[in-house]
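The following block contains the structure, expressed as structure tokens.
Labels for the chains are A, B, C and D, by order of writing; each one numbers its residues from 1.
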């Protein structure tokens, strides 16, 4: 709902410690209530937020796999769970009926990025299934997901809800 | 709060123990003489008086004749009443003790109130392997 | 010596048995989105569950009456039935969530799809309910559930910035969330800590184990030591999520995310332990909730109940539990996300709390039931304070659910 | 008749004036036991002008804790009174009529009699 999704790493950590003023919060909530009825950009940004959470999870799982901290079963289950999340977001965006040209554009861009995420997941899952040494490697999967993560972040910056 | 005086006369003293139906009888658990739950008190049956008939002064007060259970619970909650033939009764003469629970002086096994339990036991539960296994 | 051992065992099982799928999921979600800023709710919830579990155990020990018999007797048939309907449905949701939790944890361990584990998990629950002795059931799942302490160990191994973590403890709304989502998750956490089934189960368990007033001291120690330590486990789950997931911008929506911080801190061994702990905790809770659905129905209608009886001597009780498990399987078979079921079940629990706790408070003051063991003044004051808190949470839950779109 | 028919039934005085509803039915165990216990004899009706929901035990004199709950429940049942069987003229599932000049007694249960 709120769009200041922090990025990974210490930069995100520092924004979390900031506290909003109560009055501002009430206003934001009211704005949210009145704007909740719909809006393509609102739905798109929620979908992008959910997706970037999923991609970030998958990257942690892959890194842990490379560090030997995670079992294959747990890593592949995590990827499955997060891919499901991406697919849910994608079908939400697909079902939107944008009213303006601008919104249609936003929808299309979001679908492109989500497809890129799904492709990243496909690479990562293939890497895990290839069981070491094969191609693609786990770090290839991580690279693909990193690319998708950057694309997500860029688009999130562009889609600002009213 | 408790100190506010009650303007009404206290009820004339009576010799025996006083039981309020809602408070001491209805919705209480009924156990048989072995302590096995039989049912709850879903309703009570009275010996009188005749419904909507003028009560002659000096008529003896009605008494509780039986505990009722079964479909009467549904009608007590949702309204209406089952026909008298469908009431499942436990005669008051079988009640041995009224406390936090009502204890019967008899075994619950042959009572009408237990037919569903017996049916479920004989047709389903006892037929599953281990159904009669004593857990202790 | 034997007595001391009993006390230790009781405390350990109370710790291990405290956490269930609701606590796991809700604490991880809250940790990943709100950091530690909602820990105070866990504290409030733990004091509340200590208070009322203790009270219901005392009622059961002093009068031999379990909680739902008391509820029907005090509220009467009509309000009692409304209460039964609400409590039973929530309980059924919780059974479903716990079985789903067992299956999800088994998927994480084996990578076999969780839907295939569901019939296995439900069958195992039924077999234990059908056959295993009550005390063995309690002790085994409780002790295995203790492996969840790995959340606390992992937290130390993650070497977090302790000062910053402590700084999050003050109740405040993080920047990227609203007051409404904050309040919504406060209620969810409260509901997860105070779930009514714990009281149904606790009081019925006291009857199952034949407690008398002599056992009250031990019961009090179990609750007053075990539950707060269990609450600390909940906080450790939230803290792990706050350290690993929150900075990465991850908000928890699946069980796999709940265990990632443990793998991060403690590696594969940690992962193995946490999976054992989750399976044990959710399996234990599945047993407790399944039994609770039997207890509530049987106690309302006055059926014969209890695991201390042969199944044939508590036929409707056992049939009711079989039906509940089948319904749980059917619900999960639709493919509904067990984590989502969990999130709803804790909020609905919060809504139903007053229905359960008011009658307990009243009966714990009734000398006909309690003789000299009625509530003391302090307990009554605390009880009333909690009744007000519970009432506020219950009334606010549905509006908040609508406003926040169930916390999204 | 059965007790469920009686609970919640409107009560009128001899002139048809509305007095309240049957909140509870009071019995006394004072006959000779036939077998195990004496049969409970109907002593009278507790009539509540405001609420017929359960007293939850707070009509017993001894129960005063927790204070706030006791206070709220007592308030909901303010004005409740007991009429004895001798003052009842007619009983039915739709209405109960009292005799002219009936006496209102306190609905409170005497603690000693309650055992």
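In this section, contacts are C-beta pairs under 8 Å (C-beta built on N, C-alpha and C of every residue); 3 or more make two chains touch, one makes a residue touch a chain.
Only a predicted model underlies this, so the values are computations on that prediction, with no experimental measurement involved.
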{"item": "Core chain by centroid distance, with centroids computed from Cα atoms only", "value": "C"}
{"item": "Chain pair with more C-beta contacts, C-D versus B-D", "value": "B-D"}
{"item": "Computed distance of Cα centres, chain D from chain A, in Å", "value": "66"}
{"item": "Centre distance in Å when chain A and chain B are each reduced to the mean of their C-alpha atoms", "value": "62"}
{"item": "Distance from chain D to chain B - Cα centre to Cα centre, in angstrom", "value": "18"}
{"item": "Where chain C and chain D are represented by their mean Cα positions, the distance between them in whole Å", "value": "41"}
{"item": "Set of chain C residues in contact with two or more other chains", "value": "76, 368"}
{"item": "Per-residue multi-chain contacts in chain D, two or more chains", "value": "54, 57, 67, 114"}
{"item": "Touch-based graph of the chains, sorted into line, ring, star, complete or other", "value": "other"}
{"item": "In contact (per the touch rule at the top): chain pairs", "value": "A-C, B-C, B-D, C-D"}
{"item": "Contacting residues of chain B [partner chain C, same complex]", "value": "22, 26-30, 36-40, 42, 69, 73, 76-77, 99-101, 116-118, 120-121, 124-126, 128, 130-136"}
{"item": "Chain B residues within the chain D interface of the complex", "value": "1-2, 6, 8-23, 25-26, 43-46, 48-49, 51-55, 57, 61-65, 68, 72, 75-76, 81, 87, 92-98, 105"}
{"item": "Touching residues on chain D, where the partner in the complex is chain C", "value": "53-54, 56-57, 62-63, 65-69, 114"}
{"item": "Partner chain B, residues of chain C touching it in the complex", "value": "63-65, 69, 72-73, 76-78, 80-81, 130-134, 298-305, 307-313, 315-316, 318-319, 368-369"}
{"item": "Footprint of chain A on chain C - complex, ascending", "value": "35, 107-111, 164, 167-168, 172-181, 244-251, 253-257, 259-260, 263-264, 267-268, 271-272, 275, 403-405, 408"}
